[in-house]
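Two complexes come next, and they have one chain in common, chain A, joined by chain B in the first and chain C in the second.
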Partner chain A sequence: MNLKFEEFQKSNLGLKELDNIRIKSFKKFEIQGFPTKKQEHWKYTDLKNIITNNFQNLQIFNGSKNLVYNNKLIIKNFEHNKIILLNGSFIESSFIYEDEKKIIIKSLKSILENKNDFNKIKEYFDDDQNSMLSLNHALTNDGVVLDIENNYSFNKPLVVYNFFDKTAENKIINNKIFISLGDKSNLCMIDFYRCENNIKYFNNTIHNYTIKKNATLKKYNINDSLDNSYNYNSVKIKSYSNSVFENFLLSLGPNLIKNEIHCNLLENYSSCFINGIMLLDGSQHHELKTNVNHKYENCKSSQLIKSVLLDKSNGTYQGKIYVDKKAQKTNGYQLSKALILSENSAFNSKPELEIYADDVKCSHGSTTGNIDENSIFYLMSRGLTKDQANKMIVEGFLNEVIETITDPNVKILISSLFNERINKVNV
Partner chain B sequence: MLDIKNLNASIEGKKILKNFNLNIKPGEVHAIMGPNGSGKSTLANVLSGRKGYEIEGTVYYEGKNLLEIPIEERAQKGIFLAFQYPIEIPGVNTNNFLKTSLNTIRKFRGLKELDSLDFLKLVKEKSKKLKIEEKILSRQLNVGFSGGEKKKNEILQMSILEPKLVILDETDSGLDIDALRIVSEGVNSLRDKNRSFLIITHYQRLLNYIKPDFVHVLVNGKIVKTGFSDLAQELEKDGYEGVSIAK
Partner chain C sequence: MKQQEIEKAKEYKYGFTTDIESIRAPKGLNEDVVRFISNIKKEPEWMLKWRLKAFSRLKNLKEPDWQKPKFPKIDYQDLYYYSAPKSVTDTPKSLDEVDPKLIETYKKLGIPLQEQKKLSGIAVDAVFDSVSVATTFKGELTKKGIIFCPISEAIRNHPDLVKKYLGSVIPITDHYFATLNSAVFTDGSFVYIPEGVRCPMELSTYFRINASETGQFERTLIIADKGSYVSYLEGCTAPMRDENQLHAANVELVALDDAEIKYSTVQNWYPGDKDGKGGIYNFVTKRGACRGKNSKISWTQVETGSAITWKYPSCILQGDNSVGEFYSIAITNNHQKADTGTKMIHLGKNTKSKIISKGISAGFADNTYRGLVKITSKANNARNYTQCDSLLMGNECGAHTIPYIENKNSTANIEHEATTSKISDEQLFYCNQRGLNQEEAVSLIVNGFCKEVLQQLPMEFAVEAQKLVGISLEGSVG
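Coming up: the complex of A and B.
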């Protein structure tokens, strides 16, 4: 692996401070390299191995001249606001359903060029928990910074389109997304990924969200496509009092996804809900790693992950609930259920509770198994073929999580994408 | 319609049905009564094609070797088993399931598949006739249903799928009198000269509502006595032991 950092660095010279951060961060990355299974939190996803096996000559993506995206990839019959990213770079946005005065949107590129703006976000370049984050700090040159003012509720969902085109081929793309929701504001947002022609690339993204008092952020990750892509997403959330963070992950498409969600419940009565489904076949490898940190009293968190594994696929859910000694009256819940439909597939589940307060209600559970024979017999005794019966059971199993989606229009959208996918899968 | 000869069935080396014989003609209603563990559910399972049994003997259904017909085809050819313990299947909508089932069966019979509208009309009509609340059909299949609701759901499925041979496995067990009435009205309304019933029960009670043509007593995997419907009353009085000794 030979990432040509100097070349990249020279063509991206800018604020001195940023230049230094890039150099320092890339050094950190070079010392550690891509994470391997020897590292904590990477036991089930040996990234170094995956990259070596799948990329002969991975190169740094250094912006593209192409600013034209394929309009056909926009979701139809679904009223929504848009942010469009092409190969990680900000292209355009439209908020036609909203009061645009309440919304400040800037490209990360413009912020990285302005000393004052950069100062406001530079603390986020310190996080060096793993080498992918360091790599991201070194190589990010674009993304989005979105600020929603106090007391503003979106009328329609916001879709963040993450498009990729052939210039991304064999490249590693690094970007960052910042979202800040003011007091009592509401946003429902979809991270939507599309790529034409099955291009192979690696996308390394860091999201930082701030959810202020009484605000609600609903976030949906739709990964139903991008079959040949490799993705690492690290999401960090700061939740203030009475705020709500809801995250649903539809994890169906890419070859590799490692999603990390670190949610920090910092003040009274904030809550975090992480639900998701994985339906994997071929040699897909998906991991969800969550870290829900209860740092204050009376906060609530809940996680429900259901997975179905076929062929040689590999799924992992590492869910951790951490309860600080201050965080009395915490309510924490997590459940993982997986169906393994092929003996060559595997599912790893590692639920973790780390509790330092004494007055808490926390529970976790995890089951992994096959489709129940009695259920198959029941359906077949009503005339369904074995395939139909299997499919119906798998669909039902996963549908239970889709049913938890609280935004009705998004639920319809996700259901239809899920149905499209499951009809292609050979269960 | 159904001709069972010298049927032996074992599971995990344990013999359950022993030289079992039964012949059911079109339009006939047969009741099988027997104590717990006598092999009633095993018989129902073998007839509907459940895997896991070692089977000897012959079973002919409409002149064909039933034992060679795959499970789903038995259903498509008109065999319906109302389960003693209907299975809960989370996330599967009861209406969707039933529509898929009906349409596979209709397709097999060369009938036009029903679209959602026609299907819902049919369901409405049937559930109204059977006095079964339609509500249960929008819920997940049997999930969280009470015992009675599960059994009513089986009966509703039966009346929608219009099978030729109906096997009821202790559908009456655990039902209150109202539910029992619904079940038996469902059965009685389907009775006709071409449709046959095999009613498995533990108690004589159901047979007050559904009058069988024949009653068989199954003890320890064998039919020990066959008679007409008055045999059921006799059993109620004397118990199964009385019958086996009398034999």
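Coming up: the complex of A and C.
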């Protein structure tokens, strides 16, 4: 792998501090390289191997001059606010349903150029838990910074479009998204991915969310259209008193995706819900890694992940609940269920509990298996064909998670996208 | 090494053999020590070669470091790898000289006076019951064709069996501690149950006369031939003061067609004092292979001692329809740490495994369950059920669960569940109200929590283990 960092660095010279961070981070990356399965957290996703096998000539994406995106990709019949990113760079935003005075949106590029602004987010360039994060710090040159003021609730969902076009082919794209919600504010947001012409690219994104007192953030990841992309998404959340973070992942599309969610419950009564479905076929490889850190009393977390694996696909769920010594009265729950429907597919799960407080209620469960023969017999005895019966069971199995979505409009949208996909799949 | 030194070492080697009673191997880990051990055990040439192979492999290995309990680096050159039994003059002469705390524990466990003496290392005269018991038992075993002897004896008398099976489950190329053991193991048990024989009694190291003096590097090999059955008990049932810091034993089990091995352990090594000083590092590799069809291996362990317990008794389910079971209670108190669990590797068709693990953590202790369930693509209709429950007592301790579940077969069925909780005030109140004091109440509740596992223990152990559970947690509540 020969990433031409110096070239990138020279054409992106800016604040001295940032330049230093870039150089330092890239050095760290160079020492470690792409993560391999020897690293515990990458045990089931050998990224180095995957990249060498799929990218002959992976290059750094260095901004594109093209600012035109394909209008047809916008979701129709769904009232929403928009933020549009093309190849990781901020293009435009529209908040026609909202009071724009309450919303501050800036491109990360403009912030990286301003010393005062950059100082505010500098701390987020420090985290070097794995080499992908270091690489991101070194190569990020755009993204979005969104601040929502206190006491403001969004009227309509916000869709963050992540579009990719031909210029991204064989490139590694790095960006960061920052969202911060003030006290008592509310946001429902959809992270939506689409790429054109089935191009092959690697997207390395870091999201940082701050959810202040009494605020609610609902986030939906939609990764539904089958494409040839490779992704690593790391989401870090700081939750304060009485806040709610709700995350749903529709993990159907890309060749490779590793979603990491690190949620820190920092104050009383904050809660975190992570639900998701994976429906994989072909040789797709999806992984979800969650890390819910209960750092304070009376917090609640719950995770429900359901997966269906076909063909040669590979699914992984690595969930962790950490309960600090201070975090008494914690309520933590984790459940992973998987159906393996093909001889060549595999599912790995590692539901982990790390508990240092005694007055807690923590449990997890994990099951893996095939469709119950008796259920199929029951349906067939009522006149369904075997294929119909199978499909019905798979649909019902996954729909249980979609039912947990609390926003009715988003639920309809996700339901329809899911149905589209499941009708194409040969169960 | 210079030529001169080699010469010297050679001389030294022959010097050792004169009196095993009073000489221990020189400090340190090197080829000469390996040769010394092999020599003193009067081992044949092939065994020495085997050890040396392990030793040369060891040089390229690093200690694993992924475990949860961290410990200061062990200086392997600062250990004695062979130490002859203590001479009679060293040991206490009567129970009066033994630590009164120890005696108190013995009394609580209901161990007869004669056994107390033996366990404390007091030289006991030949009248001692279990000696004669052991010999009568031995006669019965020989009649059935069962071989039960120290492994060093087996190497000399049954080389074919040992050659065939030693290292076949835990190869000498395994991880650091297993390889270390292969190079320097001093003694252990060897059991062979011939075809179709059901071992008439529970075999136990307890019956073996030199059991209490076996070194820190034990090696146990149990082979159950076709259609046989054996139940094996391991361990000391009373606290044993032990200066040894590192205990790295290897246990290999082989079950052929239709055979069953039941292996029970009650481990109560010295856990260190209340501030976490001293105590044993119990890094044991235990692995069983269900080689034959319909074979079964069942591990039961009650782990209450050791400063650090780090072990994963595992089953490799090769034969079709084979069954692996793992029942575990791990109790950690004060500054004890445990990282234990199991591995179930399903290779054959219709293989089944069951894991029941109960972890109890009190004081400043850390208790981790780590387990692997792996279903390979050929293991059709494999079935696994795992349950691991943790109980926390006090807010300074930790309980962790790290299961790895890897499935590559669409016909397999895997279930895993885990819970973490504490003893509720209501439960305690209920017991107190009925006249039990705090400690009795805790012991009762914890025993109930562990019942599923305790039931699996053979009769001889069950009673003692139950009491042990109570004793290990003394003073942890209130």
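Throughout what follows, the second predicted complex is superposed on the first by the 426 of 427 C-alpha atoms of A that agree within 3 Å, B and C clash if a C-alpha of one lies under 4 Å from a C-alpha of the other, contacts with A are read in each partner's own complex, and residues count from 1 in each chain.
One rule holds for everything that comes next: a contact is a pair of C-beta atoms (placed from the backbone, for glycine too) under 8 Å apart; a residue touches a chain by one contact, two chains touch by 3 or more.
Small disclaimer: the values here were computed from a predicted structure and weren't measured.
Of the two partner chains, chain C is the only one touched by A:Gly369; chain B is not.
Residue contacts after overlaying the shared chain place A:Asp191 against neither chain B nor chain C. Once the two complexes are overlaid on the shared chain, A:Phe377 sits against chain B while remaining clear of chain C.
When both complexes are overlaid on chain A, the residue A:Asp165 reaches neither chain B nor chain C. Chain A has more of its residues touched by C than by the other of chain B and chain C. By the touch criterion stated above, A:Asp142 is placed in contact with neither chain B nor chain C. When the shared chain is aligned, no partner comes close enough to touch A:Glu98: not chain B, not chain C. Residue ranges of chain A in contact with chain C, taken from their complex: 40, 325, 328, 338, 340-370. Interface residues of chain C facing chain A in the complex, by the touch rule stated above, are 66, 377, 390, 392-422. Listing the residues of chain A that touch chain B in their complex gives 372-375, 377-386, 388, 392-393, 395-400, 403.
Of all residues in chain B, only 48-51, 71-72, 74-76, 80-81, 83, 86-87, 89-93, 96-98, 100-101, 104-105, 108, 140-141, 157, 161 touch chain A in the complex they form.
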